[in-house]
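One structure, pasted below without further comment.
By letter and in written order, the chains are A, B, C, D, E and F; residue numbering begins at 1 in each of them.
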Amino acid sequence: MHKKLEARNVNVFYDQTHVIKDVNLAVEQHSVTAFIGPSGCGKSTFLRLYNRMNDLIEGFRKEGEILIDGRDIYQRDLRVEDLRKKVGMVFQKPNPFPKSIYENVIYGLKIRGVNNKNLLDETVERCLRQAALWDEVKDNLRKSALALSGGQQQRLCIARAIATEPSVLLMDEPASALDPISTSKVEELIYELKSQFTIIIVTHNMQQAGRVSDKTAFFYLGELVECDSTKKIFTNPTDSRTQDYITGRFG
Amino acid sequence: MRIPERLIVGVLGACAGLTILITLGILYTLASEAVVFFSEVPITDFLTDTQWTPLFTEKHFGILPLLAGTLLTSFIAIFFALPIGLTIAIYLNEYAPRSFAFSIKPILEILAAVPTVVYGYFALTVVTPFLQGFIPGLAGFNALGAGFVMGIMIIPLISSLSQDALYAVPKSLREASYGMGATRLQTAFQVLVPAASSGITVSVILAISRAVGETMIVAIAAGMQPNLTADPTVPIQTITTFIVQISMGDVPHGSLEYRTIFAAGISLFVLTFILNNISFWFKKRYRMKYE
Amino acid sequence: MNKVTANRIKDQAFRAFGLFCTLFGLIMLAVFVGDVVLKGIGRIDLDFLTNLPSRFPERAGIFTALMGTCWILFLTAAIAIPVGVSAGLYLEEYGRKNRFANLVEINITNLAGIPSIIYGLLGLELFVRTLKLGQSVLAGALTLALLILPIIIVATRESVRAVPKSLREASLAMGATKWQTIWLQVLPASVGGILTGVILALSRAVGEAAPLIVVGALAYVPFAPSSPMDEFSVLPIQIFNWVSRPQQGFITNSAAAIIILLMVTFLMNGVAIFFRNRWQRRVKW
Amino acid sequence: MTHLEAEIKNLKTELLDMFHLVRTQLEKSRESLVRLDKDLAREVMVNEKRVNAFELKVDRDCENTIALFNPVAIDLRFVLACLKINSNLERIGDIADGICQFVLNIKMEPEKDLLEATRMMEMFDTSIEILEEVRLAFENEDTRLARSVFKKDELLDEINMNANQAVAEFIKNHPDRINQSLYLLSSIRKLERVGDQCKNISEEIIFYIEAKVLKHKSREQKQA
Amino acid sequence: MHKKLEARNVNVFYDQTHVIKDVNLAVEQHSVTAFIGPSGCGKSTFLRLYNRMNDLIEGFRKEGEILIDGRDIYQRDLRVEDLRKKVGMVFQKPNPFPKSIYENVIYGLKIRGVNNKNLLDETVERCLRQAALWDEVKDNLRKSALALSGGQQQRLCIARAIATEPSVLLMDEPASALDPISTSKVEELIYELKSQFTIIIVTHNMQQAGRVSDKTAFFYLGELVECDSTKKIFTNPTDSRTQDYITGRFG
Amino acid sequence: MTHLEAEIKNLKTELLDMFHLVRTQLEKSRESLVRLDKDLAREVMVNEKRVNAFELKVDRDCENTIALFNPVAIDLRFVLACLKINSNLERIGDIADGICQFVLNIKMEPEKDLLEATRMMEMFDTSIEILEEVRLAFENEDTRLARSVFKKDELLDEINMNANQAVAEFIKNHPDRINQSLYLLSSIRKLERVGDQCKNISEEIIFYIEAKVLKHKSREQKQA
């Protein structure tokens, strides 16, 4: 399969603290990869390397290369705005803009100057359908996004993220603020989206990693301990630290 | 970053930089005139002389009477405002029904929005005559009435900021305390007030600073007589009122009298500067704790 | 009586005391306002509003002062709002890391605490004398603008800061530039707070007398200002002037003027509170 | 449909395939015995490898489903039932294989009258029939049908009981064919096991659908 | 077994909304009961009936009886402060007071006027030991509680709650803000505490309910749908709504 | 120790009890056969009920453990292994029961020379020995020991192979004792199954400890 994302000897520092230690990781196209690991092991940090959201953080420093489709995304001549168009992100807490549902979805297009009404309408419908939200909101697209329930908001955020037609979707604990029912809806959605996107999901919920991902990467103290098929990780992990973590015998 | 963004940032940054210019302007203005002033009046005299008579023929330039007046009115104001303000804050935060607290708070804040000339008018025409009924020998212009009204003015400053600080204490802490079987009073004084102590301190210091810099109330109701006294019943003069007094007359630019207001101004500036920085320091500590 | 009972009694006693304190401030305000209305309401008529100042209490009006206040309000707003909001945005959005911003931050905290009369001294030296604007509306407005600048900056920063990080991240992650994020998300989300701050700041400016006295606004100005360079008076100064006179007629006049001034400030505060409440209720994340 | 539902549907399909595979094995072993078709017997023995592989796959899938999806309640009961049904089916596969081994071992066609006396072919047919019924019960989640299996199994038990006697008689009359007879007896014992396995499968089906444990209960209790 | 808590025909209203509908529930002494159910079904509301924390909420109204040891706790002559001494509570987010560890533990005693230094010392040690925290903090009892990690803070909150020697412990999603490792420590603790306390725990995490509880009560739209042994609920629930919920087929 | 660990420890204890129970059954059935002690045989058959009940309990506990604790990795493999070992043990219990049934059925003590020729007692002893070894392997998580079982099982297979011949001979010489011989042959077949079941248990032990699947592999592959 095509290697969509590749990290080569990546190290990350926040000022003096070394939070990602020499990580090599390849992610295949159209797969779901879960990042698991104890709190503070660097999952979020590593995830945010892929769309350079870490650049906003003071004291952040990176070594090594992050390639998307074989191209280093930290190159000088690459515009970070363009990168982020290609690499969508969904956050832990649903964070719709305080605007209408419609405007939320088209936000990514509008900031790029797309104004064609038909195109926008089409995009809204397509993305909301893909996000399994269309049926629930099609009659009130002009309603404020804040009036939606938490689970709906999160699916709206996913719809918004896929409106710019990214090829990669990053999700940082996308369901940890949701109740079980909304969670399972979002998980379904992830499952369905993987035919079109390369998805990376950070999760604290081991069961979730089991349910949604094809591959699982276990991080510990900034190291990538093990990355293998989720089935393997959950039935017969190679590293004893992984086994201890997933069986809850840790620390 | 592209060019337009850079431009925007430049403009915004310039606006921010302007605030530095203001400070420099104030410092320069005060200092340059004060330097000339202190070249004529020795600074030791300024700090130790117990009389302030720049407009008399026998001129004395001792800041102490003005300082005493300033501190006296401020003290009276805080003496009234602190207990009342703090009690209000706790009451609104812990006891009052939400809807009541919600509607009463903006009304209380109106106390702080009333222009100070208006308070001056009240002090002079309502409070002092009223107090004269109890305190024989209370002068028509006095520190007590002015200070009391000033206290009313700064009540909301204390109650609002303190309540904000109390409110910022996570709801979970209150629930924890109630869950342990504490009464509201115990919760307020053993958990909330200590947790919000930095914020409350900030509010008090800011209130003092405000009282020290207050002008119109004292200008109208406290008289304009520089007295070195702790007696609240007699007329006094504060640093601010002195400046007003001089400004009212058409004092020629460049005269010594003109410069006295800058000397007085720099004293006031130093005083409030110190207070502000104490509160700033507290606020920083407070913010760190609740991150 | 056991400990728990004692605690309950203390609790109830404090409740009563708290209610008393809360009402105390309001009662005082009511007494004051009642007093001033009783004394001044009879004096308010069209003549009072349109007459020029006079040596005779019965003929004196507040026209020039009222117009001066309007001029001051308008000019101050025009100067302070753009500068203040811009500075606030810069500090909160761009200037987080550099030392310049740090300096500005400490500086603004200090500026906010400097007594208004000191701004008067600055205005006197800078605008009136150095820039030779004289004792004009413009000089007064500039002075007041400087005075309320920190308030606007702080209000802007606070409402901008209240915009959750998640909203900013959402926009940035969509590929928006920083300015797009600010313009499309942060500003709209914080406009309510900024507006509230601005109105409160202006209402403060309307009530200020001390700095304008120092700058040289005069109690007696024969005509309403017709350009920024004219001399002017404002309501608070007019009141100060009247209240300082011994005649009872002028005291009545001042009470009447106070009614007008209070109406203006209460109105502005009311609007600000309205904005704040609506904004708080509408935006919840 | 949730992932788990998809996964469960998949497990079910796999297990139905397994049913089919095993049934084919059983039918072929019957054929090979009747016609003493050693090639067919060899085919069955080769295919046994496939059955084994399939058993492992289903096993692995059940394990993965539990590890990844944490099924509970009916879902868990289903997966556990699958695990057991799967191993029961594999045993039936073993039996078919064992019978074919015996076909390879004997020298000549089994005596018609021995077959008749032991009612072995009847047993074979009944076994296949029961297996098919159990498959249907599983496919349609039909506990009534599953229960009917218990009754049918009794026929097999009965034949098995009598077989000892029949074989003994036959040996007495044909002392030269003891070996063959003993093999046949073993096969009959094996076929009886098919009935038992199907009974177990029925029990598992009822367990997962109704959460009733029928294992080790008498037939009367089971019918309740 | 002894019926520790009993709810009889309980209804709860917030203003006009009917959030608890005619619930009857008995809880046995020294057992762990888990409340599960979709978001907003009234779990927290019902839990907070037991220590009358709902009294603080405006518009709250209750019908029916809540008995502890056979006594109605909503009786006039019962002091709510005494009740809360008997019924400890642990909240979703760890909420230690911004004081020292020591002061946190003795808070409940101090507000009752206990000042005996020896007694206080003993209590601190006993409770911290019970909360499985003693070894980690015994050398810095004077350290601020805020300096502890999230999981330690939550165990401190449990220590604080048991210092007043309650017989009932209420826990509202006590581990939902914790990472898996801290979560499992808190779960262990719950398991150990049940020999001395009657514990009720609200949780969104079905697996958690499975791990820690003896009985599980499933709430749905304010109704108590089913309450049975956890094993029964998780292997063979009676009500189809329960089955749908725990197998994730809901909504 | 986490709850799950406690639960797993508990499962292990239960299963060891089950091992013990089954072993006792097997030993008693041996005794009853040797001494034709029908009372002892009856005792075994009564105890079989206990074995069955125990099997159900272990089964239920495994199911509960999975439903409540969502074990993964080695924990899950352990629980699944328990499930299977449990059913294997129950089958060994069945076998002991079956042999006792045969003891009740026969009229006189089995011929010494038939027993010798079929090496049945040797088979019995080996079975019990293997069962004990498997138990030890399980108790100590000793995969070396578990592997050694595969070798021992070959002895059983060999005896079983030859038994057919031995019984055939015996019947030829003692046509009057066909019935008894056939019962004995069935018992031998059953004992051979004990070896198979133990082999299965060993495979499960190795699977859960090493996550290696040995089922359906040749012995050479297994030793690797």
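Criterion: a contact is a pair of C-beta atoms (placed from the backbone, for glycine too) under 8 Å apart; a residue touches a chain by one contact, two chains touch by 3 or more.
Every value quoted in this text rests on a predicted model; they were computed, and no experiment measured them.
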{"item": "Labels of chains that are neighbours to subunit D and to subunit F", "value": "A, E"}
{"item": "Partner chains that subunit C and subunit E have in common", "value": "A, B"}
{"item": "Fitted rotation between subunit A and its twin subunit E in degrees, CA, nearest 5", "value": "180"}
{"item": "Interchain centroid distance [CA atoms averaged], subunit B/subunit C, Å", "value": "16"}
{"item": "Cα-centroid distance, subunit B relative to subunit F, in whole angstrom", "value": "92"}
{"item": "Distance between the centres, which are taken as Cα means, of subunit E and subunit B, whole angstrom", "value": "48"}
{"item": "In subunit F, residues with contacts to at least two other chains", "value": "2, 4, 63, 67, 70, 72-73, 76-77"}
{"item": "Multi-chain contact sites of subunit B, meaning residues that touch two or more partners", "value": "183, 186"}
{"item": "Subunit C, residues touching no fewer than two other chains", "value": "7-8, 177"}
{"item": "Inter-chain touch pairs (all)", "value": "A-C, A-D, A-E, A-F, B-C, B-E, C-E, D-E, D-F, E-F"}
{"item": "Residues of subunit F defined as touching subunit D within the complex", "value": "49, 52-53, 55-56, 60, 63, 66-67, 70, 72-73, 76-77, 80, 83-84, 87, 164-165, 167-168, 171-172, 175, 178-179, 182-183, 185-186, 189, 213, 215-216"}
{"item": "Partner subunit A, residues of subunit D touching it in the complex", "value": "2-4, 63-64, 67-70"}
{"item": "Subunit F-facing residues of subunit E, complex", "value": "184, 187-188, 191, 207, 210-212, 230-231, 234-235"}
{"item": "Subunit D residues touching subunit E - in the complex, by the definition given at the top", "value": "2, 4-5, 70-77, 211"}
{"item": "Of subunit C, residues touching subunit B in the complex", "value": "7-8, 10-11, 14-15, 17-19, 21-22, 24-26, 28-29, 31-32, 35-36, 39, 82-84, 86-87, 89-91, 94-95, 100-101, 103-104, 106-122, 124-126, 129, 146, 149-150, 153, 177-179, 200, 203-204, 206-210, 213-214, 216, 236-237, 239-240, 243-244, 251, 254-255, 258, 261-262, 265-266, 269, 273"}
